[in-house]
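Below are two complexes that have chain A in common, paired first with chain B and then with chain C.
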Partner chain A sequence: MKMKLEKHTNKKKQLKQAIAFNLFRLMSFGVVAVLAIILLFIIVRGASAINWTFLTAMPEEGMTKGGIFPAIIGTFYLIGGSMLFACPIGVLSAIYIHEYTKAGFIKRFIKLMTNNLAGIPSIVFGLFGMTLFVNTLGFGDSILAGSLTLGLLSLPVVIRTTEEALKSVDDSFRIGSYALGATKLQTIRKVILPIAFPNIITGLILSIGRVSGETAPILFTVAAYFLPKLPTSIFDQTMALPYHLYVISTSGTNVEASRPMAYGTALVLIAIVLIVNLLANGLRRYFGNKVKMN
Partner chain B sequence: MKKFFKNFLEKFIEGILFLSSSVTTLTVLLIVIFLFREGLDVFKQSPVEEGFAIVINKNNPVKEITSPQLKNIFDQNITNWKALEGKPVNEYESKDSIILFRIDNISTYFIDAQLGDSLQYVGKCISSLVDSLPGIIAFIPDKYVDKNFAGRKLNMGKITPSQFISGKEWFPTAQPAAQMGVLPLILGTLWVSLGAILIALPLGLATAIYMAEIASDKVRRILKPLIELLAGIPSVVYGFFGLIVIVPMIQKVFNLPVGETGLAGSIVLGIMALPTIITISEDAIRTTPREMKEASLALGANKWQTIHRIILPYSISGITAAAILGIGRAIGETMAVLMVTGNAAVIPHSILEPVRTIPATIAAELGEAPQGGLHFKALFALGCILFIFTMTINLLVEYISSRNKYSKR
Partner chain C sequence: MYKIQARHVSLYYNDFHALKGITMDFLPNTVTALIGPSGCGKSTFLRVFNRMNDLISGVKISGNVMIDGEDIYESKKDIDELRKKVGMVFQKPNPFPKSIFENVAYGLRVNGENDKKFIEERVERSLVQSALWEEVKDKLKKSAFELSGGQQQRLCIARALAIEPSILLMDEPASALDPISTAKIEELIYELKKNYTIIIVTHNMQQAGRVSDKTAFFYIGELIEYGDTKEIFTNPKNPRTQNYITGRFG
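And then the complex of A and B:
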């Protein structure tokens, strides 16, 4: 009797487990399916819009014809500009946080502020960029103002990924270097950075993905609605892919007629993100194997 | 000498590193300063458009009036002074009704000849009109109110913070007085974000548990980059997808006049919050000590019982942090919401109505608001509210995760 009861509860137990696990598996695949649907939808619809002229021509006729060349170039300028600002400052400050500060108030304070900065909504960065860079410093709506705003936005990401990279360098390397009489700076430059380098690069590449798709911070700092020419200086306005997609899918001159253009633009944006992610993952795998061998 | 130089270099570089690390702190401080400097100005200004004045008959005892009252008067929801003041302005009830006057209606009272060839007598005409009608309230340009003016300028109360927060109407460009009530926007933001978390939390938690405890290493190695990719898709692409796929779907399924609803916003935001929730709760689940899991298994519990009774209770604070952070992401999200929620600034009664969130309002209206004007400043005040929301959420997460750390050691 007792055996039977035990068997019964055991069976019930296993049944519950089977139900729960299958449910979780189903939900996880549901999440992946959502991703697949979004990607496939944009790739399939967008592929027919993409051709050489689309990528290299100026927009025409209220953006219902022609291409998105200035938007692509604008986005690359913004990526370049923001990374030029965020990479050095981000990497340097991560080095300071991880290598110089000891556990204590200063470290916690800097980390807290970095986390806070990461949590600030992108539209607030837009407001801030507009008051500080566009108005107070007088850059006007320009690539410079937009890049700086985007740079500040991506700073926490750069810091965090660099810190992770530095964390993964084993302490024995540091101790070994000091034991050989090297100073702190020498240790960082000759020992730690070379080992952490691949992971740092991966982090930087991932933050490029983030910058390329941000729309809210550039709305009021750089983005031009329709500007069929390339920017000539850092004080020029420019078109940018995410803003372009927003405009032609919601408030363009003829929303229906510019649908194919919108699909095409979305695909180019997705392509940039995909390439960046693949690159980062590839690097991670490639260097991951290498670093372990040391 | 060489050693000195070397030491100097070390210190110098350390200084540069320190400066770099202070950039984030500096930025947060600057954001606070700039945001609040502009935003708090809202409470120093009168809601009447600059260059205009509200005037009444000089015998009218009304002293001050709020901007919602003024709007009700001009919308003819309040039609007599008694309703406003508690007692009639005139002893005759018939004369107590409010007579509206805008500068545009001047031709109904005066002919062109009275106004003068170059409109030089307009001021005098208005003055005499205001003097003759006890129940009048006039919305006229400032320049006509001079020394000889027979009427009395009515003071408009400044917008108070409580009015700003609890006001139910958002018409920042309304005439004669801007209506700056952000309650519908705050409620819209919270509704959409809560809806998003209701969708994202079960899905995200299930995925996190699956990835951390159930899936094989191989499946995990495929899932992880896919989740990262989901996080990498730009918000404007999510918005575009929502606009083209989810919005028409909702319109069809619920048979609505428009598909741009709070529900559409919640679904899109839910998808966008997934990666945050998955990554953070997976990390939390992984911190469960192996001994605890093994002890549970050794006592005869199966895997599901271990997850359900040991791992989830152990990692609950991390999961809470993930949920809160997910809400934070949803509250601050701009573009996707702007594209799919329909942006009607009214207090939502169901999730199948258009709503408008704080970030979407800023993004949609800042371009049109004249710089330095009341509307412009009100949008910065919205930015302040958003900043306070997200800052609170960040500090809450920080508190939860730090408390977690101490209790476990």
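And then the complex of A and C:
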């Protein structure tokens, strides 16, 4: 009798397990499927537009012909510029927050602020960037103003991922270092940062992914509607992929005729983000191995 | 002349009274064992001497600790300097994710030593002292994580020895090790006594008996009995001490 009961509950348990397992599996497969469909859609539509001229020529005939070269270059400038600004500031503030402040009001306040900053819609950053960098500081519509705005946007991500990276460094390493008479700065430089480095890099590159696709923050600060030449200084305007995509999909001279160009642009943008992410993984592996050895 | 003098040392973790007015003197070139049931404050007391408790938030300490006649808790005290003089080995081996060589060289480097030759010599000497040299001399560039637990612990001892402290604090240094590694570390402690003042926390009564000259028995934050190890183990004055070392409680 007792045996039977056990068997029964056992079966029930197994059934529950199976249902849960399959439900989770279904969900994750669903997510992957949706992503794959989006990718496939863009690839199928965009591939036909992509050729050497498309990647290396200036746009022509009201952006229905020619290439997207200035937009690609512009996007790389903006990525570089924003990271130049956000990486040092973000990493240093994260170090300050995690290694220097004691648990308490200041720490909680800074955390609250950075988290809130992360939640602000990017268009608001665009407005702010326009007011501060374009007008007040007088940079005009320029790569400088756009990079600073994008940099601000990515700061919370950089800070948060760096903080996570520092948090994952076991305290026994810090204690071991202090016990040998190392100062806090030495401990951070020689022990903590090398260990946290692979994860910090990953965070930085993830935020590059975010920056490279944003349209709103560059709308009022740098992006040119149509500018068939390359920028020559940081005070020049530039075209950029996301904005270009927006323009030729909505308000180009001939939206229908630009369609293939639009999908081609989207494909290039996605390819850049994918490459950057692959790079992040590669770097993390590379440095992950190196840390143990040096 | 005493190497270390602790006077009425009291320590609080926030509201919790972890050390209750401990007064104790340590002679140079002796090994002192701290024994007592889990949670009685041995590790806490050990961390008093290199001010590692300072790193824990909510710690308040009062009383007086003199090392070589200097008050280590005076406000102008350079704590990094203190920690160079008072080395520490932890219960769990905690080598850095660096090579074996760099682990031992770390303390020298953070102390501003740049002379390559000097560092190499000192690393070798420390590894010989910690009885690890023969096992690692051909793979100094390999990651310290490739060593066994016992080897890692001896590496951590070498790391502490490299900067030539005069006091060595050891918190259950052999508790995670097999009998052979343990024996090696005990031999090592015996050797090191010639040059160092050693305070060791241990739960192993045989070990305390084997390696130490003096033994101190702690119980819930208080120092119950302190004296020559032989005396404590053969003729304890306090019944609590007797109960503990004969295994009747704790």
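Going forward, the second predicted complex is superposed on the first by the 252 of 294 C-alpha atoms of A that agree within 3 Å, B and C clash if a C-alpha of one lies under 4 Å from a C-alpha of the other, contacts with A are read in each partner's own complex, and residues count from 1 in each chain.
Everything below uses one rule, namely that a residue touches a chain if its C-beta (ideal position, glycine included) is under 8 Å from a C-beta of that chain, and two chains touch if they have at least 3 such contacts.
Note that the coordinates shown come from a computational prediction; the quantities given were computed from them, not determined experimentally.
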### Task
After lining both complexes up on chain A, report clash or fit for chain B versus chain C.
fit
### Task
Scan A:L269 for contacts with chain B and chain C and give back first, second, both or neither.
first
### Message
Output check: A:K102 vs chain B and chain C. Expected answer is one of first, second, both, neither. What do you get?
### Response
second
### Task
For A:L180, decide between first (touching chain B), second (touching chain C), both and neither.
second
### Query
Who contacts more of chain A, chain B or chain C?
B
### Vertex chain A; arms to chain B and chain C (CA centroids, nearest 10 degrees)
120
### Query
Which of the two partners, first being chain B and second being chain C, lies in contact with A:M27: first, second, both, or neither?
first
### Task
Check whether A:L150 is in contact with chain B, with chain C, with both or with neither, and answer first, second, both or neither.
neither
### Query
Once the shared chain is lined up, is A:I192 touching chain B (first), chain C (second), both, or neither of them?
neither
### Task
Identify the partner contact of A:S172: answer first if only chain B is touched, second if only chain C is, both if each is, neither if none is.
second
### Query
In whole Å, what is the nearest CA distance you get between chain B and chain C after the fit?
9
## Note on the structure
Overlap of the chain B and chain C interfaces on chain A comprises residues 183
### Query
Where on chain A does chain C make contact in their complex?
102-103, 170, 172-173, 175-183, 186, 190-191, 194-195, 291-294
### Message
Quick check: in the complex, which residue numbers of chain B touch chain A?
### Response
6, 9-10, 13-14, 16-18, 20-25, 27-28, 30-31, 34-35, 38, 202-204, 206-207, 209-211, 214-215, 223, 225-230, 232-241, 243-245, 271, 274, 278, 302-305, 307-308, 325, 328, 331-335, 338-339, 359, 362-363, 366-367, 371, 379-380, 383, 386-387, 390-391, 393-395, 398
### Summary
Interface with chain A, chain C side, in the complex: residues 50, 52, 55, 57, 80-84, 87-88, 90, 92, 94-99, 102, 106-107, 109-111, 141, 143, 145, 156, 159-160, 163
### Summary
chain A contacts chain B in the complex at 13-14, 16-17, 20-21, 23-25, 27-28, 30-32, 34-35, 38, 41-42, 88-90, 92-97, 100, 109-110, 112-117, 119-128, 130-132, 135-136, 152, 155-156, 159, 183-185, 206, 209-210, 212-216, 219-220, 242-243, 245-246, 249-250, 262, 266, 269-270, 273-274, 276-277, 281
